[in-house]
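Multiple structures are listed underneath, in structure tokens.
In the two assemblies presented below, chain A is common to both, partnered first by chain B and then by chain C.
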Partner chain A sequence: MDDPVTVPPPTAALAWWWALLLPLVLIVVAWSAAAVDAAVEARAAGRPGGLTVPAHEVTRLLVGQRRRTLAADPVLWRAGAVVLPVAAVLAAVVIPLGTRPVADLGVGVVWFNAMEVLAWAAVWMAGWGPNSVLSLVGGYRFVAQGLAYELPHMFAIITAALGAQSLRVGDIIAAQQDLWFVVIMPVAFVVFLVSAAAMAFWGPFDAPVAGDLAGGAASELSGVDRLLFLGGRWLLLTAAAAMAVPLFLGGGAGPLLPAWAWVLVKTLLVLAVLVWARRRFPTIRMDRWSEISWMVLVPLTVAQALVVSIVVLAQGGL
Partner chain B sequence: MVVTFWVLALAAVVFGFGVFRLNSMAQVTFSLLASFLAVAGLVLLLGLGYLGVVIVLMMVIEMVIMAIFMIMYMMNPAGLMPMAMYHNKPGAMTISVGTFVLLATGILLVDWPQRTGAPAPDPTFALGRALMGEQMLTMMTLGITLFATIVATVVLSTGRGRYDRLGDDLDARSADDPLGGGVGR
Partner chain C sequence: MDLRAWLRRYAARRPHVLIVATRNGAAVRLAVEAELARRDWPIATTPADTDVLLVAGIPGPELATMIEAVWETVPLPRAYATVDAPDAVERKLRRASADLAAGRPSTGPAPSAATSLPEPLEDGQGDKPQQPDEDPDEQHGEHGEHDQHGEHDQHGEHDQHGGRDEMEMPGGLPMADLGDDRDGLMLDQLPVALGPVLPDWPAGLVLEVALQGDVVQQARARLVDDPLGEPFWPPGTSAALDHGDSPGALRRAVAQELDAVARFLAVAGWSAPAARARRLRDRQLAGDPLEPICASIEALVRQVRRSRTLRRMLRGLPHVPVLFALRLDALEHAAAALHEPAAGTVTPAAAPSAMRPGRSPRHERTRVDLAEVERMLVGAELAAARLLVAAADPVTEGGIAGSAGDAHAMALGGNRAARDGTSGSGREREGGEHAMDPGSESGTGHGRGHGRG
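Right after this comes the complex of A and B.
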């Protein structure tokens, strides 16, 4: 960081065909998390097995018929279901799967944020499309939730970028060689996890698709649309968990194992925390969550960003 | 590169036109969003990564919020009935097509100057430098003005102030709010 106007380093991305593999990698990770989640649920209910539930569900939804509703808006309805998994995969292109990402963008952190925010549009469209009141309420709930989580989320990821003085995900990993950012900025890390769950409308933030709305935004989705929507939600959760690794957990750094294995292990650990949190905490209401977010999380993350920027300046940053 | 440009340019215009052709406020909003996303792609083609991605980020958030407000304020409240985006159809058509033709002719006929400077090695960094350097005063003024506007709008539009919440002497132990909130004030 001696010369502030350094030319960006030559591209450090994976070969182009990794772009085709990336969705598969995401699906495999999300699938295993979903299988474990289903097994935990089966165990809690006193049933054996559960590991094969995702396979059953996918098969059932693939052959399932589309539900039709009166005066639906099919364009937005279908678009909502398709956008969710696409957004998750696009967000994941900047995450290093080891040492290198699929696309090494200079503004990687902003790209990740811009792609995951497509979930706003996706859930609202899916809620609007079927012309069904419970579904519509679910869509609106997600926008209220989004307005609450987005600012703390942005502050959390920008704090990591601030610590590395770069928006490039690779630089953020490089800046953590001595000390992981989770140690320097624990508040940002926790807020990132909380907002990641809220972004994927994952419990305790699953009010947009909660049972009190008979499934909310997903209530009228069936067949392939439902598979895309709920699968896309798992992919989004996986992508967000995977992004916590380069931002706060030192990327692929670790002893003995190769970088890709460490990324995988750390991602699965973060996913396990998120899956555990859903079972541990009850769904939080929108009005409560909004106030907690604006009154507690926003000031906390701003203070965290301030502390980090003072440290960066004291160390002779820009 | 050229193909991408034309695809994005065409998409921007077609979706922009869709704003006036579609008859559901929700579809209109997302057509406008699609048009903006195509424009963001064009900005990315110019090599301005940060600006392009920020356009995507801002426009998605903005358009989803916009959809809610447009549906809330439009003539049929549920927003599911057909509606028209046209008002004063011949006049609006004349003005918009006329403006387009005028600008397009201008673009084609103007003798564009040769480029003299060179782009910054890192446009994102140059942008940050400009905003936090020479343009600092402008940006700070803008920020404070926007913030003051938001506060003033909320103060003017809210039906309940602090005296309603905390009593005439502002000494109530807990606020009298219609909704609970999560912090327990």
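Right after this comes the complex of A and C.
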């Protein structure tokens, strides 16, 4: 910690063609998580298999027909489905796949946050587009959800950046060489996980696409639109889980294995936690969660940020 | 080899099935759900995500019309199946999957007299968008569809309260009405019909609600069609328990409670225990050994009761916590009665309710009547309304007299009277319900529910 600003190596980013590989990497990770999730579910039901479920689902959506509804807003509707996977991939460009990210942005943390906020627009547009009540209610549920989770989420991310005194993701990893941030800022880590699930409207925060609305924002989507929307959700979840690794879990640091393998292992572990939480809890509605989020999580994360900044000051960082 | 055909065949191995249950179609619905669980075929929640549209039971004319409208919104490739007996389930599902794999165009439901308008023909091209909202029955199609044909898609149900002056808008959609909201503001009021094709929803129930935002301002419940065939569930849980002569009836009573709890948990978004409750229900009906099932039921009830998240989500919702607690109690007691048959069978004739004094009165009021549901719904948000209906679990089966045409005129009083006629315990049950929430002013919500149009 003598030299707070770790000088990034001249070529801190991966070669350009990694930008083409990145979506594939994300898809493969999300696919395996979905397969394991289905297998766990099958096991709980006392059935064999389950590993082929993602393949079946993707196939049936690929051959499925796209729908149209009366007086729909097709541009917003289709755009909503497309934006979700695109936002997930764009958010992932700043995550180091090993030691280096696809794009080494100086404001990497802000970029990640800006991209994931696109999900707000995506879900709302998908909910608004088909001109259908249940879909619209689902879209607005996500806007309310965004209001609840986003502030604690931003404070959690900012705390990590504060600890490293840099918005560059590589610097944040470098600052964890001695001690992972999950140890210094456990509250921020937990809040990040919770809000990552909320951002991907995943597991107990799936009210925007819940069954009581017959699928909510996704209720009118079929065929490839549905594939993009639901697949994009998986990608978003994967990207968020992968971002927890450089922010709190020391990036690719670890014994024996190469850095990329550690990133993968840690990402899968975080994903496993998120997938487990979905089974563990009933849907958390935002009319209840907002209160917890604003009255408990926001003060907690602010206090966490305060503690971290005092530590940084005490170490003579500034 | 044609890649598209290959993909289609692969996808057909695990189709999503949308179940449209008719009233008195519970036996078939349960058989279908059990078979789907065995095959690991998901139950579709919306027509948009449907490969096989399956009608469980024999639909009456009104439901048949709705099914046609739903069918129009199911994307290709799709298959249609009607199952009217539980033993036909396996065969029909296999055939539906085979049809999907072969890409055979499905005929769909036979057009009924009410839907004589020409429909756009599907040409079998998967990439050609269809027009789900071509309205098959236009005489009331122009009412209440603004922002709402999702509803319309899903349920094929129109608001039939004619007589309002409505401005025609492009697309044939009217503007939403204005109306006072609960805070005294004038807000858009949107008539929406919930059901009968909605996941985890009582069979044949249609809730015509006026929504402001997602708050229910008015609610009117009705049942579609006259039920055909015999009711599956025992007429009242208490009846089955008290006259506990047949273990089959007792098992059914337990299965009914498990079914209700599973639905509630599914609506509450807790799929894992909901699936567990369904599995227990299926095992119960299949006649598996009692000992492990009852132990599992106890464990399930304990897990659900212990969940702090669920408690926090339900706390403060109108009526829901009370109703759901009753539902869990009913399940527990039904399981106990089955597990310890001595209590029920030794002296079946000797005033059974006196034998379990703490139990029977509670059972009398576990199933809430539609008029009550209607009244409770006013002021609830959509999420709370769904939970409320699931927790109330109103009885929609039964043998109700009257023609299908006046399903409207046959309002809830009519249903109630008819049910009292058929089941002996109806009267007592109602008394219990009224006692259950003394704080609510009975009648006003009901009156408002009928006061629009």
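Basically, the second predicted complex is superposed on the first by the 307 of 318 C-alpha atoms of A that agree within 3 Å, B and C clash if a C-alpha of one lies under 4 Å from a C-alpha of the other, contacts with A are read in each partner's own complex, and residues count from 1 in each chain.
Note that contacts are C-beta pairs under 8 Å (C-beta built on N, C-alpha and C of every residue); 3 or more make two chains touch, one makes a residue touch a chain.
These numbers were taken from a predicted model, which means no experiment stands behind them.
Of the two partner chains, chain C is the only one touched by A:G215; chain B is not. Counting the residues of chain A touched by each of chain B and chain C gives the higher count for C.
Once the two complexes are laid over each other on the shared chain, residue contacts for A:N131 go to chain B and to chain C alike. In the superposition on chain A, contact is made by A:A44 with chain C only, not with chain B. Looking at the shared chain after the overlay, A:D287 reaches both chain B and chain C. Residue contacts after overlaying the shared chain place A:L105 against chain B, while chain C stays out of touching range. Once the two complexes are laid over each other on the shared chain, residue contacts for A:E150 go to chain B alone; chain C is not touched. Contacts of A:A71 after superposition: both chain B and chain C are touched.
In the superposition on chain A, contact of A:L118 is made with chain B only, not with chain C.
Overlap of the chain B and chain C contact sets on chain A: residues 71, 131, 140, 284-285, 287-288.
Contact residues of chain B toward chain A in the complex are 24, 26-27, 30, 33, 49-50, 53-54, 56-57, 60-61, 63-65, 67-68, 80, 120-122, 124-125, 179-183, 185. Per the touch definition, chain C reaches chain A in the complex via residues 4, 7-8, 10-16, 37-38, 40, 45-46, 48-49, 51, 73, 75-77, 126-133, 145, 147-154, 170-173, 190, 192, 198-200, 211, 214, 265-272, 275-276, 279, 307, 309-310, 312-313, 381-383, 386-387. Only residues 4-8, 71, 73, 75-76, 79, 105-107, 110-111, 113-115, 117-118, 120-121, 124-125, 128, 131, 140, 143, 146-147, 150, 167, 284-285, 287-292, 295-296 of chain A touch chain B when the two sit together in their complex. Those residues of chain A lying in contact with chain C across their complex are 42, 44-47, 49-50, 53, 55-57, 59-60, 62-71, 130-137, 140, 204, 206-207, 210-215, 218-223, 226, 279-285, 287-288.
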